[in-house]
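Below is one structure; the comments refer to it alone.
Think of it as A, B, C and D in the order they're written, each chain with its own count starting at 1.
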Amino acid sequence: MPSPLEQATADAFTWKVRVYWEDTDAGGIVFYANYLKFFERARTEWLRHLGIGQQQLRDDVGGMFIVSATQVNYHRPARLDDLLLVTARVREAGRASLTIEQSAWKLPAEGEEPGAAVCLCEGSIRIGWVQADSMRPGRIPAQILSALSGESLDT
Amino acid sequence: MPSPLEQATADAFTWKVRVYWEDTDAGGIVFYANYLKFFERARTEWLRHLGIGQQQLRDDVGGMFIVSATQVNYHRPARLDDLLLVTARVREAGRASLTIEQSAWKLPAEGEEPGAAVCLCEGSIRIGWVQADSMRPGRIPAQILSALSGESLDT
Amino acid sequence: MPSPLEQATADAFTWKVRVYWEDTDAGGIVFYANYLKFFERARTEWLRHLGIGQQQLRDDVGGMFIVSATQVNYHRPARLDDLLLVTARVREAGRASLTIEQSAWKLPAEGEEPGAAVCLCEGSIRIGWVQADSMRPGRIPAQILSALSGESLDT
Amino acid sequence: MPSPLEQATADAFTWKVRVYWEDTDAGGIVFYANYLKFFERARTEWLRHLGIGQQQLRDDVGGMFIVSATQVNYHRPARLDDLLLVTARVREAGRASLTIEQSAWKLPAEGEEPGAAVCLCEGSIRIGWVQADSMRPGRIPAQILSALSGESLDT
C-alpha cells in the first residue's frame, strides 16, 4: 500500500528545498508565507525540466505567468536545516489559467525511518498568463499547456 | 451609497503600507507572497492597537499565534511607490482559532479621484494558538478574544 | 551635550520602522540582511520627502538607482515589536555615485528612559545610476543631486 | 593560466544557487540584499559538508553564529533563471570571530563559452558566536574552528 508521500508524489513533479536561516522567523519555524516561495521554486523547476525558461519566454513572446489565487493549509512546521520535498501537479488546465496542486513534506533525517515523511502543508495555486507590459490577460502559450499536460512528470 | 472601499473598511481595522523595492519582483509588481506579509503587519498593528504585544505575550504566557490556513484572491497588481490600505476584521472566532478577513487596496495617488481606490487582493487567514516551546495547540488567551470581539475597531 | 542618537540624527533624514514577524529569524532576532531593506525604505522616503518618486523617475527618464556597495557593522540585535529609527545622510556625492551613511537605532519602549536609544547597526551604501533597460551607468539626474545636497534634511 | 573563476574557487567551498522570482525586484534584477542570503546558504552548506548542523549545535550547546559585519561590492546584476556559483573561504579565523570571503558568479548558460563566468559581487562576512538565550558572545566551538581550518575544502 502506498505511503502518503508516495501518493502525493505519484504523477507529480518533485523538488527538494533546504530550510535556511532566511526562511525562518522568531517562532523558530519557517515563516508561513515562505512556503509560497518554495512552491514557486518547484513550479519554475518543473517548467525548466520541460524545457521552458520564463525569462526566455518573456524575451520571446512578452508574456509571463501571474498568480491569481492561492490557498494553503498548514499542518506542521519546518525548522532550520530541514530538508523538504515539494510537489507540483496540474489539477485543472484551461486556456487562460492553470490550477496547480502543491504540497511540502519534511523528509526523514539521516538515520530516521524512510516512511517518516510528514506533510507540512498543501494547497493549490491558480496562475494566469498576462502580457508583461500591459498586464492584460491572454492565452497561455500552447507550448506550455501541452508540455504540462503531455508530460509523464517523473523526474 | 458606500463605495467598495467604505464597505471593506466598515468595522475593520486598517493599516497603511507603502510598496518598496524589496516588495517587488522582476514582473514589475508586488510579489504575491508579500501580501501575506502586509496582511500580517495589519494584524500585528491591530493587536498593538488593542494593547497586545506579541513578544510580550510570549515572554509572559509562552504562547504565540500560528497561521493554519491562508486563502487569497489576487485581482490587480501593485507597483513600486504605491500606497496601500490593508484591512483586517474577524470573520469567525473560536476558542482555538480565529479567521480574519483581509484585503489590500491601492489608495489614489495625490491628485487622483478619492473614490478611485482599487481592491488588489482579498482573502482570509486562519490562525491558531500554540505553546512556543512545544508547538502544541492551546486556547487563545481570553484577553485577546475579548479584545478582538468587544472592540469597535474604528481607528 | 548631545546624546549619541542626537548626534546620529543631526542633519540626517530619519524614518521609523517597526519589526514584524517577517523580519525575524529563528535566532529570535532581526535577520541581518533585512537591515538593508530598512535602510532602503529610509532612502526611498527621503527621496519622496524631497518630491522624488522612483517609479515616476523611471517612467519619465528611464533610469534608476542601483546599489554598488554596502558595508554594515552590527552591534546589537533587534527583536519582534521593536520600534527602530533609521537614519540617512549623504557622505559623498559625485556625478555618478552617492555614498549614504545610515544607521538603525532601537527606540525606547513606552515607560523607558528617552535617552536609552541603542545603536543596532551602522554602515554606508554606495549607489549609482543606470539606464533601466541597458543597465549602463549614467549621471545621476541633477534634480536629485541638488535636492539631496541643498536640503536641510530636518523632517 | 587559471581563469578568474578558477582563482576564486581555488581552496574555496562552492555552492550553486538558482535565481527565482522571489529573488528579483522591479529593476528586473536580483535585489542586492538577497546576495547576503545566497552567501549564507553557501556558508550553511559548507558547515553541513563538514558535518556541522546549526540547529543540532544549538540544541546541543545552546550557541549560534551571528553576523557582526558585512561588506559587499556589486559589479554586475543577475536575472531570473540565472545559475550562480557562490564561493566561501576563511580569510581570518580567531577564537571569537571568523571572517569569510565570499563571491557570486554567473555561470555560463548552456551553449555559452565555459570560461564566460562573470563575477557578480564579492565581499566579506564577519561572524561571531553567541549564547542563543542571552546573545552574549562566546568562543566558537573548537570543533567548528578545526573543521573549517583543517579542511581541504574541495567539494
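Going forward, a residue touches a chain if its C-beta (ideal position, glycine included) is under 8 Å from a C-beta of that chain, and two chains touch if they have at least 3 such contacts.
Note that the structure is a prediction, hence the values are computed from the model and not measured.
Undergrad: Quick check: more C-beta contact pairs at A-D or at B-D?
TA: Pair with the higher count of C-beta contacts: A-D.
Undergrad: Please identify which chain has its centre, taken as the mean of its CA atoms, farthest from the centre of chain C.
TA: A
Undergrad: Between A-D, A-C or A-B, which repeats the contact pattern of B-C in over half of its pairs?
TA: Same contacts by residue number as B-C, out of A-D, A-C or A-B: A-D.
Undergrad: Where the CA atoms of chain C average out and where those of chain D average out, how many Å apart are those spots?
TA: The separation of the two C-alpha centroids amounts to 25 Å.
Undergrad: Take the average of all CA coordinates in chain A, do the same for chain D, and state the distance between these two points in whole angstrom.
TA: Measuring from centre to centre gives 26 Å for this pair.
Undergrad: Nearest whole angstrom, what separates the Cα centre of chain B from the Cα centre of chain D?
TA: Averaging C-alpha atoms per chain gives centres 35 Å apart.
Undergrad: Mind pulling the chain D residues that touch 2 or more other chains?
TA: Residues 21-22, 27-29, 33, 37, 40, 79-80.
Undergrad: Quick one: in the complex, what on chain D touches chain B?
TA: These residues of chain D touch chain B: 21-22, 24-29, 31, 33, 79-80.
Undergrad: Residues of chain A touching chain D in their complex?
TA: 18, 20-22, 37, 40-41, 44-45, 48, 53-56, 79-81
Undergrad: Quick one: which bits of chain D touch chain C in the complex? Just the residue numbers, please.
TA: 27-29, 32-34, 36-37, 40, 64, 66-74, 77, 132, 135
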